[in-house]
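Letters A, B, C and D mark the chains as written, and numbering starts fresh at 1 in each.
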Amino acid sequence: MTTRVGVIGSLGRVGSTICAAVQAAPDLELVATVDKDDSLESLVEAGCEVVVDFTHPDVVMRDVEFLVRNGIHAVVGTTGWSDDRLAQVRSWLEASPSTGVLVAPNFALGAVLMMRFAAQAARFYESVEIVELHHPRKVDAPSGTAAATARLIAESRAAAGLGPMPDATEQSLDGARGSTVDGIPVHSVRLRGLVSSQEVLLGDTGETLTIRHDSTDVSSFAPGVLLAVRGIAARPGLTVGLDPFLGLS
Amino acid sequence: MTTRVGVIGSLGRVGSTICAAVQAAPDLELVATVDKDDSLESLVEAGCEVVVDFTHPDVVMRDVEFLVRNGIHAVVGTTGWSDDRLAQVRSWLEASPSTGVLVAPNFALGAVLMMRFAAQAARFYESVEIVELHHPRKVDAPSGTAAATARLIAESRAAAGLGPMPDATEQSLDGARGSTVDGIPVHSVRLRGLVSSQEVLLGDTGETLTIRHDSTDVSSFAPGVLLAVRGIAARPGLTVGLDPFLGLS
Amino acid sequence: MTTRVGVIGSLGRVGSTICAAVQAAPDLELVATVDKDDSLESLVEAGCEVVVDFTHPDVVMRDVEFLVRNGIHAVVGTTGWSDDRLAQVRSWLEASPSTGVLVAPNFALGAVLMMRFAAQAARFYESVEIVELHHPRKVDAPSGTAAATARLIAESRAAAGLGPMPDATEQSLDGARGSTVDGIPVHSVRLRGLVSSQEVLLGDTGETLTIRHDSTDVSSFAPGVLLAVRGIAARPGLTVGLDPFLGLS
Amino acid sequence: MTTRVGVIGSLGRVGSTICAAVQAAPDLELVATVDKDDSLESLVEAGCEVVVDFTHPDVVMRDVEFLVRNGIHAVVGTTGWSDDRLAQVRSWLEASPSTGVLVAPNFALGAVLMMRFAAQAARFYESVEIVELHHPRKVDAPSGTAAATARLIAESRAAAGLGPMPDATEQSLDGARGSTVDGIPVHSVRLRGLVSSQEVLLGDTGETLTIRHDSTDVSSFAPGVLLAVRGIAARPGLTVGLDPFLGLS
């Protein structure tokens, strides 16, 4: 028995990679693809059990409402989520309690694992800083992943009762790219030849622990999306973030 | 209320560091120290609740038997443990069921976290290799920590149903320092100027995850030992490995 | 005044990248392209001053002979060179002493710089090892670049009178991918998600120096090829390796 | 024939390491040591040919004047040099033209090589940034070595006619430790467990080159000092920086 999968945004850069990955998986079947000018109805007609959505903030709410109304599980990588939007999805799900919706900012397993491990380790270390390294066409600094990692680390440190980090800096020049997010220093490197990397450095007396993720290709999203497609039926309701699908105790 | 702590092997390189760390901790009190020619009885007379043992395989069994018989919790970093020895400790503990004994091969929190994270991540990655880097006076290759990490990774891969790693190597010269442990390649670098480092590299299509631990000083053991001293009373019976004391879900 | 450039092997993966790079350079003009079934005569008719050759060992000798006979400078990235072949090129050049031929195994500037810097630094360090990391479809281990780097390092150490490196390894398991090339340990990592990387680690008391090159795309060859195209007219005769074109004192 | 060496500041942390290194070298002889309350005359009486000075900016000018006046070569690691002070030393040397004085901000060979290689490579790369990582007791950011490296890189880029680096950053938060020195971004990490490290990252299309120096001990200064002691007699006059003593073409 295979799972019947549909993809919205199937002609996009990520969407087409997801289509290829679904087709290559023996336990999944790609039964419908939808892009800009196609009707969502074809997803129902094809008998989709799970639909993956990598589209645009302008249309994603319409897509999710349609899927929930039709009892189709949704795996959503489209960005632009606010608390209001998440609340709206929850209210739709009340009428369809067995349907699952996953909204995740990042499907790269390595990035998800890095954030999880960094937050877990942070409570044991006096110092922690983040260096994120990207291609020079990136417009924002720090990166969204780095800011999210910093917030998770800050929460973990607060929960463990850790105070401010040691830092004797007295004379300092201004102007480095990067910032301090919730008390965690984030350094932003922009370098031709890089794609997307992040390093979390944790240090205490006599030792350091470094967790680094390097992503060189959009295809790195595929394994995380497939993990979600396979697990979403077992997780009714709204889930934010891929973490629970990893099955790590 | 402070916890009353004793240290056996108090004049050794690790033992003296532990003594200093206990004295610096406001919630712990160093009430007895024992080295080669001292009697273990002083530990009872001083009212020790927990005793830390960094001694030698030749004497550690005598120490642990004494501590268990007197209902004193034991935190043991001494090496040389076999299944037979662990079984012996378990049988001693039957007569003192509220006493806790922790035997751990490595108290460096970063090393423990690295092994845990590597094993957890391994199930999501097609490829994984280990590079361990040490000073050139080290006599064994691969290192014990690298071999232990490889075994944990191999178990994790087997549990996830992963087969052999991709490797098209056809022409290969022999002679590199290192080995394949349970199917996991371990590369051993020996370099003047290094102390003790290990890097676990995990890779899948389009991304890699790297977890690295660098230890520069024996003092890096102290936080892990204190964590165990504080937690051992709540863990009666025998525990092998520091992992459960980290409190990670 | 622009330089008139031709490319043999213009439809290949590297060749087409070179064509695009030449066209994008304001001081160079792409005036002729030749692939499998095309005649070399078109290169003369188009007035090529320099021709780049990324073809196959089977045809490269015919190409170079033709270019030298016609007084056209040659920049050759095709592999498969032996001492006999190099001697043959030198004999052809006797009849055309103002023509320049460059044969280089690697046009990635970073790889060339890494090899140069590693060889220069090697004389100052007691220990040096190489870790090369590639995708798992690679058939040979160690890589050609790693073996070449090891040989340059070994020459540099010999010239500086350095003896064997410190290594106390007594107990060692066999089976790691990699080898010892001219006394220099080379460790070969094969990992899905990697393209081509190499790290040279040099160590002495209290310090280490690490030189690392990461290549993620064949386009990394282009800047080195353009450097050679611009410099070849000033270097008559046969040059092996890009190093002299870097203009480093 | 051994060289007769003296050390001023022989009881300091660096000075005592230098004394030990001189004594361990078969071609050098430690014939005089001077610390705070000792007379400089003993250096002349002992027949010193070369004297090493690791003292304090307050006394170093007195030391150098004394050495030059007595025709003793000087290897100086004391800090606090200005253009005026260097000019003063040059004027003293006019009366003693065969005497050599070396003033170097850093004797760690790895740091000197890193700066040299970074400056040489910089002309070939569109992007370059520096990450320097130190213990959290350090008071200044960026480090002196990082600022010096940035200036050398900026000079090298200017000489090669390179313009500003690519950087599309539009939205940026302030507050990261570090700065932009002569147009080169320098990121300053302060982490418990680190000693002193620096990484220079160079990037261009499809590739990156990374040069990293890790120093874990003050003893890493010794080989550079001995190199200078052995070479100073052949370099009369004032030399600033260890670079010329490396003998790299």
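Rule of thumb we're sticking to: contacts are C-beta pairs under 8 Å (C-beta built on N, C-alpha and C of every residue); 3 or more make two chains touch, one makes a residue touch a chain.
By chain, UniProt protein names: A, B, C, D = 4-hydroxy-tetrahydrodipicolinate reductase.
Source: prediction; values computed, not measured.
**Q** If you take the mean of the Cα atoms for each chain, which one ends up farthest from chain C?
**A** Taking each chain's C-alpha mean as its centre, the farthest from chain C is B.
**Q** If you match contact pairs by residue number, which of B-C, C-D or A-C shares over half of them with A-D?
**A** Matching pair: B-C.
**Q** Could you tell me the distance, in whole angstrom, between the mean C-alpha positions of chain A and chain B?
**A** Taking the average C-alpha coordinate of chain A and of chain B, the gap between them is 34 Å.
**Q** Take the average of all CA coordinates in chain B, do the same for chain D, and state the distance between these two points in whole angstrom.
**A** 40
**Q** Any chance you could list the residues of chain A touching two or more other chains?
**A** Answer for chain A, listing residues that touch two or more other chains: 193, 202, 204-208, 214, 216, 220.
**Q** Which stretch or stretches of chain B touch chain D in the complex?
**A** Per the touch definition, chain B meets chain D at residues 193, 195, 214, 216, 220.
**Q** Which bits of chain A are touching chain B when the two form their complex?
**A** 108-110, 113-114, 117, 120-121, 124, 202, 204-220, 222-223, 227, 246, 248-249
**Q** Flag every residue of chain C that touches chain B in the complex, lowest number first.
**A** Per the stated touch rule, the residues are 125-129, 131, 133, 136-142, 165-181, 185-194, 201-208.
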